[in-house]
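Heads up, the next two complexes both have chain A, just with different partners, chain B and then chain C.
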Partner chain A sequence: MKKVFALLMAACMLLSGVSALADEAVTLKIAHIGPTTGAAALYGLATLHGAEIAAQEINEANGAFKIELINEDDEHNVEKVINAYNAALDAGAQMILGTTTSKPCEAAGAQGYTDRVFFLTPSASSTAVIEDKDNVFQICFTDPNQGSASAQYIAEHGLGTKIAVIYNNADVYSTGIRDTFVAEAAEKGLEIVSETTFTDETTDFSVQVADAQNNGAEIVFLPMYYTPASLILKVAADKDFHPIFFGVDGMDGILGVEGFDTSLAEGVMLLTPFVATATDEKTVNFVTKYQKAYGEIPIQFAADAYDGIYILVAAAEKAGITSGMEPEEVCDLMIAAMQEISVDGLTGSMTWDESGAVTKTPMAATIVNGEYVFE
Partner chain B sequence: MTKAKRNRLIYNIVTFALVIGAFLLLQSMIANKSITRSLKGQLVPICCWVVMAVSLNLVIGISGELSLGHAGFMSVGAYTGAVISGWLLNAHGVDNTTLRLVLAIVAGGMAAGVMGALIGIPVLRLRGDYLAIVTLAFGEIIRNLVNVLYVGVADGRLTFSFLNKSMPEGVTMLVDGAKGAVKIKPISTFTAGFVLILITLIVVLNLVNSRAGRAIKATRDNRIAAESMGVPVTKYKMMAFVTAAALAGMAGALYGLNSSTVVPTQFTFNQSINVLVFVVLGGLGNVLGSVISATLLTVLPEMLRAFSDYRMLVYAVVLILVMIFTNNPLIRSVLSSAVAPIKRALRGKKQGGETA
Partner chain C sequence: MIFLDNLINGLSLGSIYAIIALGYTMVYGIAKMLNFAHGDVIMIGAYIAFCGLQYWGLPPVIAILAAMAVCTLLGVTIEGLAYRPLRQATSLAVLITAIGMSYLLQNIALMIWGANPKSFPRTFINGASIRIGQLSISSATIWTILANIVIMVALTLFTAKTKMGKAMRCVSEDRGAAELMGINVNRTISMTFAIGSALAAIAGVLLCSSYPILQPTTGSMPGIKAFTAAVFGGIGSIPGAMIGGVLLGVIEIFGKAYISTELGDAIVFAVLIVVLLVKPTGLLGKPVREKV
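Showing the complex of A and B:
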C-alpha cells in the first residue's frame, strides 16, 4: 500500500513538473530494433552500441529516469521486422528506438501507426518512413532535405555563388536531393550555372565536368554515392579543374574506395552530422567510451542512436511518462511532447514538427589529410 | 476399399484434421487473448509459407523436377496483388477488404500461373536439370525487372513504366521501382490464409490422387516407361508446374497484402532455397510433412530469439539434428510404432462406419 502511495506521489510530482525523488526513478522500457545480424549488421550494431552507451550514462547518473534497453534483431528484412516489433512489445517495450534502416522502418512504422506505438528512428532517412504516420519521428535528415540543407550551408558560409550540379537521374536518392537543392538555391540567391546528369552505367564523366568547368562553377554539388563521385574527382583533377566539391551523406566512405587516390579528395566537403575526430567535449566523451566498450571508432549511426536515447528521455520527461504505462498511452503523449522539446545532441541542436522530420543546423565536414574534420 | 486407398484416405483426413484443428485452436486463443503478439503477427506469413512449401512439393516431390525460382512466382503474385488491391481502392473506391483480397489473390495466382506456363512450355520438353537452371534465372530476372518497374494510378487508370519520369501528374504510386510496392493497405487475415491452405490442400491432394496425378508420378519414376505407355510427359509435367506456380502466386498476394510494403529483395534466390528446405525437411512428396515443416521452421527462428545473435546458428544445428533423427531407422521405428495405434483406431472406426 505504501509503495502504491509513493508511486502515486511520484507520478503526481512528475505531472506537476516537479522532478521525482531519485529513489523513485521512472523506468522507461525502450526497444532498439535494427539489423544486428545479416548484411546490414554494421548499421544495426552501431545504433545498438550508441544507444547502450547513452542508456548506461543515464542509469549511472541516477536521475529521474532509468532506461531498460530491449534489443530485437530485424535482419534488415521487411517480414522479420514485424516479428521483432511484436517480440519487443511482448517484452514490455513502451516505445521504439528504431528501426535503423529505411525499408523495415516503413513497414514497422505503419504497423505501429495502427497499433499506436511511438517510433523514433535514428537513421532511417527515406521520406516514406514518416509519410502518412504521426507516430514516427526522425533524428537524421530525410534524403531530399539534405538538398535544401546543403544549399543553406553553402549560402550561409559563403562558399561561392556559381554552382554546378551533377546528378544521377536514374536514382531516387540523387534526383530527390537535386530537386530540393535547386529549389533552395534559388531562394538563397545561388546561381546554378551548369546542370548535367548521368546514370548507373556511366563511367566517363568528362562531358559533365567540362560543362561545369566551361561555365565557371565555383562549387560542384554532387548528390550521389561515393563511387561515381570518385570518378568525377579523377576527371576534374585531369582537367586541372579545382572548385569546391560538395557532397551529401552518400559521399561518406569515399576515402575507402579501392584504388582511389585519396589525395584527390582533399578539400572535398560533405554534409554529415557527426565526425569522430571532432574535439568538442561531447564528441570526445562519446568516442572515448565507445572505443573502450566496443574497440572501434563510432560511425554517424551510433551518434544518432546515442542522441536518440537522450531525445526519448527528454520527451518522456515532458510528456510525464511513468513506469509501466501502456505503449498506446505513451504514443500520443510522446507525439505531443516531441513537438515541444529541443535537444542539444552530438549531431546538433534539434527540434521537430508534426510531420516527424527533424530541424537541425546542417553541418559539413571537409576532408583534410585523409580525414574528415569539421570547420 | 483397397489397403492403399484406405491409407491415403487416413493420410488426407489426418492432414485436414491437423490444419483445421490448429486453426480452431489459434482462433480460440485469439478470442480469449491468450496469444502473444509475436505469434499472432506470424500467423499470416506461416499460412503463406505453408502454401509455398506444399506447392513446391508438387513440383519437386510429385513431378520430380527441381525448381529453384519459387520465390519468383511468389513475387509476381505479391506485386500483382498489391497493384490490383491499390487499383481497386484508388480508382474504383472498393472499400470491401474481403472482396479486394479475394480479387487480388485470384489475380496474383493467374499472373504467376501464366508466368509458369511461359517458362514451362519450352523447358519441360527437355530432359535433365534444365528446369532448375531456367527457374533460377527466372527468379533473378523477375527480381531485376520489378526493381525498375513503376506502376501508378491516376484518374482511375493504371500507368506502367520502366522510367519513373514518364508518370502523369497527380499519380498515386503503387509500385515505385527499387522502393518496391508502397503504401499497401494491409488487408490479409488469418482466416484468408487458412482458406488458402485448405484450397491448396484440396487442389494438391486431389491432383496427386487422380488419374493425372498417377501419370505425373509415372513420369517422375520412369520417363521412358511412361512415354512408352502413351503418357504425354510434357502435358502432365506442365500441369504440376503451372498449378504450383499459380498457388505460389496466390500465397504471394496474401503475403504482399499483409505488410505495408514489399521490396524485391524479399524474393531472392535465398528465399527459394528456404522453401526448398521446408520441402526437403518435410519429406519429398509428403504434403503433411511440408505443412508441418513450413510452420515449425517459420516459427523456430522467432522462438530462438532468446539466443539473440546466435539464433541462426542454433537454427542450423536444429535443422541438421532433425535431418539426422528423421533418417535414423531406430527412431523411425519408435515413431511409427507410436503412430500405429492411432492409425489402427482410425482404420477401425472407418471400417465400423462402413459396416454400420
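Showing the complex of A and C:
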C-alpha cells in the first residue's frame, strides 16, 4: 500500500511539478560509509576524501544536481557497519557510496537488499558483496577479476612462470583473489611452486617466505592488504630473496605507512587502475585538489570514490531521481539506470551488467623510487 | 639446509617469546598474579621508542632508555592504582582487573597514536643480516638472543645475591611471613613491576625490530603466546621462561613448515593443553605440595 501511495505521489509530482523542478537543482543525499577510524582507516579516509572532492566539484559547477554528503564510520567492523548504515538512513540518505571494505559491505549490502537501499561501493571487491543482491554495484574489480586479471597480466607481460602465492585464509578478500588467480594461472601455463597461508594475527612470515625461496619462485603473488605485505617484504629482504612481488589493490597504501622503509617496496608491482603520477588532465586535476585539501597524495581508493560520486550523479540523472525521494524508490530506479550508463572516469571507462560487477581493462603499476609508475 | 633455515627461524621467533615470557614469569613468580597487561606494556614501550626514533630523532640507545623509563613508571602506576587495592581480593578479581587494564592500555594507545599501523624504523638492532653459506640470520635475532641471555643471568643474580632480590624471594615464598620479618611487601612488589615493565620496553623494541608493524594490538597475540611459553617452561622459573619461549618458537615454525601454515597457532595452543595435562607445573616448574 505504501509503495502504491509513493508511486502515486511520484506521478503527481512528475505531472504537476516538472517545470518548477527544472529550475531548481536536485539535491542528492549520499551517505559515505567506510572505516574512518580503526585498522583500515587509511582506506576509509581515502574514499571519504575522494568523494568530498567530487561532491565539491559538482556543487561548485551549479548543474542540475547538488550533493549532500553524509559520512558514517564503520571501523571495518561487520557489526558497527549496520549501526552506521542505520544512522545514514536516519540522516536522510537516499543512496550509499560504500562501504569501503569487503566484509562490512557484505553485511550492510544484505541489509540494504532487504530494505531496498542502493549501494555503490568504491572498493569492496569480494564476490559476496554483489552476490544475490541486485542493489549493490562495484566500481573496482570484483576479487575474481583481480585474481584472474593479475594472472593474465603476469602471463602477457612475461614476468615469469614460477609463482608463489601467500594469502590470508581468514579473509574472504584474500582467498577470493587467490582462488581465481590459481585457476587462471593454470590456464595460462604459469606454475604455482609454493602456496602458503597466514591469518590476521600472523606477524612471523619466515616460513612462508622460505618456502617461496626454496621452491625457486620468480614471482610472489600477494593478494592481501599492505600491513602483512610490509612484513613479508622485510623478511624477504633479510633473506636476500628478491623476486617480483605482485600485489592487488590492497597493496595500495604501503608507501603511506609511517616509518616504512620504502626501499623494501622497490620494484613491487600492483594491479591498479589509478596512479597519482599519471599526467592526463583528469588525474592531474584530481591529485592537485586532493593534495591541496588533505596534504597527501591520493591512493586508488580515493580515485574510485571520486568516480563513485560522478557515477551516482550520472545514474541519478538517467533514473530521474528527485530531491527527497525515498531510498526504496531510488533503489529500483538506480538499479535500472546503472545498466544503461557508461562512465568515463579517473579509473577508466566503465560499464555495468545486472550482477553489479564492473567491466574495465586491468592495468598494473610498479613502485619506482617510492612512487607508483605505469610501465 | 631447509631444516637449518627453519631452525633459525624458530630460534628467532622463540627468542622473542622468551623475552616477553621473562616479564610474565618474573611478576608471577613474586607477586603470584598473572599480569595480562604485560603484552600491552610492551606495545606502549614500542610506541615510545618509535616516537623517540621517528619524531624526536633520538639515538636508538636513548630511545630505548626513554621507553624503559616510561614503562617502568607505567608499570609501577598500574600496580599502585589497579593491583595494590586488590592485594587481599581473590585471584579471579585480580585476573579480571589485569584483563581490563590490558584493554584500557590498548584503547589509550588508540587515542594517542591512532589506528593506522606504523612501521618501526630501522636501527642498529635490525641492521644487515649475517650470512653463513646459504643461511642468513637477521641481526634482530642475534640481539634478541643476546638480550635474553644477559637478562636471564642478571635476573638470576639479582634475585640470588641482592637484598631486594632476597626480599622478592621471601615475598614469593610466604607473603605473610615476609611481612612479619619486616619486609615491605608493597615496595617489593612495586619493584618487581618496575623491573618487569622495564623488561617489557626492551621486549617491545626487539619485537618490533623483528616484526616492524606497530599498532595498538601489537602486544596482545605475542603476549598470549609468551604466556603460553611461560607456562610451558614452568611459570615462575626464570630459565624456564627462556627455554619455554625458545621451544615454543621452534615448535610453531616447525609446525608451520612441516605440517601446515594454517595450523601454526593451533599447534602452539595445543602444546599448552598437552603440557597442562602431562606436567601441570611446566618443564622447570617446582611441584606444588598441597597441604591438607
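The criterion applied here is as follows: the second predicted complex is superposed on the first by the 222 of 375 C-alpha atoms of A that agree within 3 Å, B and C clash if a C-alpha of one lies under 4 Å from a C-alpha of the other, contacts with A are read in each partner's own complex, and residues count from 1 in each chain.
Operating definition for what follows: a residue touches a chain if its C-beta (ideal position, glycine included) is under 8 Å from a C-beta of that chain, and two chains touch if they have at least 3 such contacts.
Since this is a predicted model, take the numbers as computed values, not measurements.
Touch criterion met: A:89 reaches chain B, while chain C stays clear of it.
In the superposition on chain A, A:78 contacts chain B only, with no contact to chain C. Of the two partner chains placed by superposition, only chain C is touched by A:260; chain B is not. More residues of chain A lie in touch with C than with the remaining chain of the pair chain B and chain C. Of the two partner chains, chain C is the only one that A:210 touches; chain B does not reach it.
By the touch criterion defined above, A:107 lies against chain B but remains apart from chain C after alignment on the C-alpha atoms of chain A.
Contacts of A:37 after superposition: both chain B and chain C are touched. On chain A, the surface patch touched by chain B in one complex and by chain C in the other comprises residues 37, 169. Looking at the complex, you find that chain B touches chain A at residues 36-38, 40-42, 45, 164-165, 176-180, 182-183, 186, 259-263, 266, 302, 305, 308-309, 312. Of all residues in chain A, those touching chain B in their complex are 36-37, 71-73, 77-79, 82-83, 85-87, 89-90, 103, 106-107, 110-111, 126, 128, 132, 169, 172. Interface of chain C with chain A (complex): residues 2, 5-6, 9, 12-13, 50, 54, 114-122, 129, 131, 136, 138, 211-215, 221-222, 252-253, 256-257, 261-262, 264-265. Listing the residues of chain A that touch chain C in their complex gives 37-39, 41-42, 169, 196-199, 201-204, 206-208, 210-211, 214, 227, 230-231, 234, 238-240, 257-261.
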